[in-house]
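Structure, as structure tokens:
The first chain written gets the first letter, and so on, giving A, B, C and D; residue counts start at 1 in each chain.
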Amino acid sequence: MLRIGIFGATGYTGLELVRLLQNHRQARLVFAHSESNPGAKLSDIIPCLYDVPLIKADDAPLADVDVVFSCLPHAASAELAARVLAAGKKVVDLSADFRLTNAAVYEKTYKHVHPHPELLTRAVYGLPERYRERIAQTDLVANPGCYPTSTILPALPLLEAGALAEPVLIADSKSGVSGAGRKPSTTTHFVEVNEGLTPYNVANVHRHVPEIDQVLNDIDNGRTPGGVNVIFTPHLLPISRGMLTTLYVRLTPEARQTDWQSVFEKRYANEPFVRVLPRGQTASIAHVARTNMAAISLHPLGGAVADRLLLVCAIDNLTKGASGQALQNMNLMFGLDEREGLR
Amino acid sequence: MLRIGIFGATGYTGLELVRLLQNHRQARLVFAHSESNPGAKLSDIIPCLYDVPLIKADDAPLADVDVVFSCLPHAASAELAARVLAAGKKVVDLSADFRLTNAAVYEKTYKHVHPHPELLTRAVYGLPERYRERIAQTDLVANPGCYPTSTILPALPLLEAGALAEPVLIADSKSGVSGAGRKPSTTTHFVEVNEGLTPYNVANVHRHVPEIDQVLNDIDNGRTPGGVNVIFTPHLLPISRGMLTTLYVRLTPEARQTDWQSVFEKRYANEPFVRVLPRGQTASIAHVARTNMAAISLHPLGGAVADRLLLVCAIDNLTKGASGQALQNMNLMFGLDEREGLR
Amino acid sequence: MLRIGIFGATGYTGLELVRLLQNHRQARLVFAHSESNPGAKLSDIIPCLYDVPLIKADDAPLADVDVVFSCLPHAASAELAARVLAAGKKVVDLSADFRLTNAAVYEKTYKHVHPHPELLTRAVYGLPERYRERIAQTDLVANPGCYPTSTILPALPLLEAGALAEPVLIADSKSGVSGAGRKPSTTTHFVEVNEGLTPYNVANVHRHVPEIDQVLNDIDNGRTPGGVNVIFTPHLLPISRGMLTTLYVRLTPEARQTDWQSVFEKRYANEPFVRVLPRGQTASIAHVARTNMAAISLHPLGGAVADRLLLVCAIDNLTKGASGQALQNMNLMFGLDEREGLR
Amino acid sequence: MLRIGIFGATGYTGLELVRLLQNHRQARLVFAHSESNPGAKLSDIIPCLYDVPLIKADDAPLADVDVVFSCLPHAASAELAARVLAAGKKVVDLSADFRLTNAAVYEKTYKHVHPHPELLTRAVYGLPERYRERIAQTDLVANPGCYPTSTILPALPLLEAGALAEPVLIADSKSGVSGAGRKPSTTTHFVEVNEGLTPYNVANVHRHVPEIDQVLNDIDNGRTPGGVNVIFTPHLLPISRGMLTTLYVRLTPEARQTDWQSVFEKRYANEPFVRVLPRGQTASIAHVARTNMAAISLHPLGGAVADRLLLVCAIDNLTKGASGQALQNMNLMFGLDEREGLR
């Protein structure tokens, strides 16, 4: 029975982890941390469901757990990870602190010096569909961002095949509000979000752009001269959970001859949490809400734009985009069935 | 051409007033105040619509206006009203500061001493359907709360007729989120509100209860020994605008013989902003959203509960429940067509 | 391993049953019926999740199952139940066909002659909190309606104690749209529902009224002379799932002395799916969405209305209000842990 | 005083026209047609607002009006337009019947032979920002589709300048549900739409693609060898009204030197219903909901993708995308102030 600790348990990703762990038969929650609600129970915040007491960081019994999930903000998360690793325990970090391998890029993106750059090479990017073996062997997983997950999965088979005619992928992404976190702000006020659609961080200024570019290029592995680049446009949807990315790429003349539907079906045939939809179906948030699935559909274009391929990828931003993938990574790190707690 | 000033112009009631004034042919906005955005324009906050510059309170040119709308929080609003009245100008106060006639009840309800109790008797409660003549003669209107408006209008003809068999009215009310104001909080966070329904301030602890009771009793005018009492239960709806109150009363034996549909139709026949729906129709928020109308439907019960009458009243909480009614009151105060700017 | 068949599997209650059965460790789905989609798979309708083939009624292998869930419309459901019972199998009927014990009341309510009145006394009303022992022994469960569930549970301890001062309970109920079924209509059109709140079947004309009255009086058991009556007002909420009932009752002088919070906590202490919230908390749809829990909160009134008690009950209309409770009943009928598949 | 007739008045575009006409000071509604509700009044469908009686098509007094708006389905609309034109009256057609200039393309797109191909050249495409002079002189306006409006307006200044480096524009569009019409279907069922986002008619199979391509090429006027092509992806948003198009184009080397913000501001400086947002702001549906405005923002990219320009355009699909633009066109056809009824 794995013993679990969660830091930052009262945000949306923390709460989702607790929910998922309820159904995990080989793990149990030992402690849940919340700096702002010490002394309270989770059931005070979400009645009906849990009676786990919330503790402060200094009171966390690290010795009693095997693995820690960190849902803390960046910087704070890296500090915690260092402490947990030093105690000989494993860490799944849901913050952005260990996703970027280059400390300078991290500093430029997150506007502060990385507290533990020495750990950057130790961390493994937690996208099982690409890095499963490495995840199984590490004690520090950098859990991917939600936007990167929904952008990388539909691009992966194309990049592995070197199919791009130009080094640009356009990712038009739409996310539910829980992705913005639980802290109140005008941006997340019901009346400001409801009945609207708001593009934000347009023109590649979103913090996930360097993460997406880094992973896409790691997959591309130098096939594309000069490297590939995403044009990434996030939009805030008036829904609580769910994310959909519409991806536009241009194919090389040879790649236009490929039956990509078959390639994708083969590439993801053994992936428990990726479903390539049959020809003619289109991925939609409803298909994957509250599951750890990524649904991908392919839509070849014809006529004057037959050199383009359009793909759609839908995930739940809190599950496959965060806490579900984190649990999948934990299962891999401890040799459990990858699907446990996620069915 | 009436000259208008608005204090607290960037909250939901302030913004709604600005919108409505755009269509008013005999009034123009002279200044809009916002302490937190001085130097900005309204179009910086709501692009596409207005270019009114926002000013600080100290810079407000009171001499240049005929009437001021105050959308400030309580206490601050009374201070402002005193200042404006002293300058010889009229005031429509959208806060709660002048709704309660008793300073002790005010203090108990709002938890601070009333800054200007001497103005309480000068203020007129701005429900035109009951107090039209007095509104026309005052220089200080206490604009009704949204819940009181939707509760009092369907009760009014019953109380005027002394129809209640017991001194209790049950008002089960449901409101859109804009009624909670524009300030971010967990309560108004999109994810917390969306896909839910939350009763709050249950068991008569909402601040509108004393206001409702005071007005109901003023209408009842001593007919009911001991006075009438509301049991008022507000619920937060996952919508931006709109309010619906379901009202349950018990009728005296004589009142059970009355055709209340006809009574209501006659009572409200000349009211431009109350519509008594035909028998068989049920009032709904969709009927009145973004209008200044109150829709009322009557639903007599039969069988073992034939002594009860059920009524439904729907309004838009920002229009008839706040800024629209405020504009209606302003029109009355200056002898204009009551409907101007509200069609 | 229990073998399950579902009739009417592609409506909202049928789909929810399939979802829940995925997590049931002692039952497996043998067939899913859909007259309108024969030959298709469930995964054609809800991609990503299931690959169960859909069959027509005549092809259903009744011999291969132990129990059948009927999600068919009324009348059709009774016909099916008779056929399944004749084959020696058990039935959980989610339609209204076996909820009313009186065939004449059924005919008046549902506007057609009951196809199998001889089965009415055989059926047990599937509210485990009141009829657990009888459910365990029957082969025909009439699964309660969603509105009755959310109205009866908060009234039950009061009626068992004979606490009502007058024979009337006011139930102001609000339901998500899935309760209206999956068949398209103007009533369920997104634009007609969204941003609104619509009372419907007002003045006790909803079909659930006779069901609520029947069960309330069965519980009351003659304590109240002339019997008790609900005044029931349903409202359509702009949400997909969830139901909340606000209940108003008047207490006898003795009952006003009772600590109802303690009574409720004791009455429901051993119920796995009822949670009486601590004093000061208020039941809300968010607490129970996508769970089989009923959350109940009590709100005594004071002052001039101290003879009244206000209660709030929240459930998920598709889970505790339909498919979850149906599964709970199946567990009881077969001697399984009542909670299996519902945690 | 212009006299108006509306055919198809009880759909969403018809109802919106009626609403807008309420505020038009130089026009009045003479008749409203609805084949399915003859004898009823509009106030039976939308209580509180209007008392216009609904008539059948054969009873429409064409002689009593100056202009007819047709909100009928395609094919039926062309038949009606021919009849109205023959009676010497003007027509604003909100269907697709006169938008495509080529009858063969129409037949291929709409799957039936055009009933009146002889009128195709007589019709003027009702996009005032490009065709104002021709609109003022015609008696038959083909009112643009909502998606075309939101795609063409942000592309127009670029095409007029010949700025595209490749003949492809990617338009990722998102629309509220009212665009799908008022007829109930699974697609518009509240539960199916709510909490989701659904791409549909992906891979350029939406009927608006030929319309967009035709108008873009008319504007391009042969500058681009082989013509320009849109890649158009519509998504269904869980909101009632509003539309947002995110447009991605590639610029020629010379065009990369241009200050497009200034070009757009100049191009649209005198347009009453287009607002180019200041640098740094991003167009959003909230800015334009329930107005006739199109908000456009420009977002140049940098680094490795500096050859791309991203634009966002937001409109209300029922106003600028349909009935508002129709009224704007009517104003132009009769020499009225273009803004009348639309402020």
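Everything below uses one rule, namely that a contact is a pair of C-beta atoms (placed from the backbone, for glycine too) under 8 Å apart; a residue touches a chain by one contact, two chains touch by 3 or more.
From a predicted model like this one, the values you see are computed outputs, not experimental measurements.
Peer 1: Could you let me know which interface, A-D or A-C, is made of more C-beta pairs in contact?
Peer 2: A-D
Peer 1: Centre-to-centre on C-alpha atoms, which chain is most distant from chain D?
Peer 2: Of all chains, C has its centre farthest from that of chain D.
Peer 1: Starting from the mean Cα coordinates of chain A and chain D, work out the distance between those two points in Å.
Peer 2: Taking the mean C-alpha position of each chain, the two centres sit 38 Å apart.
Peer 1: Using mean C-alpha positions as chain centres, tell me how far chain C is from chain D in Å, no decimals.
Peer 2: It comes to 46 Å between the two C-alpha centres.
Peer 1: Between chain A and chain C, tell me the centre distance in angstrom, where each centre is the average of that chain's C-alpha atoms.
Peer 2: Roughly 38 Å separates the two chain centres.
Peer 1: Scan chain D for residues touching two or more other chains and write them down.
Peer 2: Expected reply: 194-195, 238-240, 283-284.
Peer 1: Which part of chain C faces chain A closely enough to touch in the complex?
Peer 2: 22-23, 46-49, 195, 275, 277, 281, 283-284, 286-288, 290-291, 293, 295, 343
Peer 1: Where on chain A is chain D touching in the complex?
Peer 2: 167-168, 170, 172, 174, 192, 194-200, 202-204, 226-227, 229, 231, 233, 235, 237-242, 244, 246, 248, 282-286, 289, 297, 299-305, 308, 310, 312
Peer 1: Using the touch rule from the top, collect the residues of chain A that touch chain B in their complex.
Peer 2: Where chain A meets chain B, its residues are 12, 177-178, 182, 184-186, 188-191, 193-195, 238-240.
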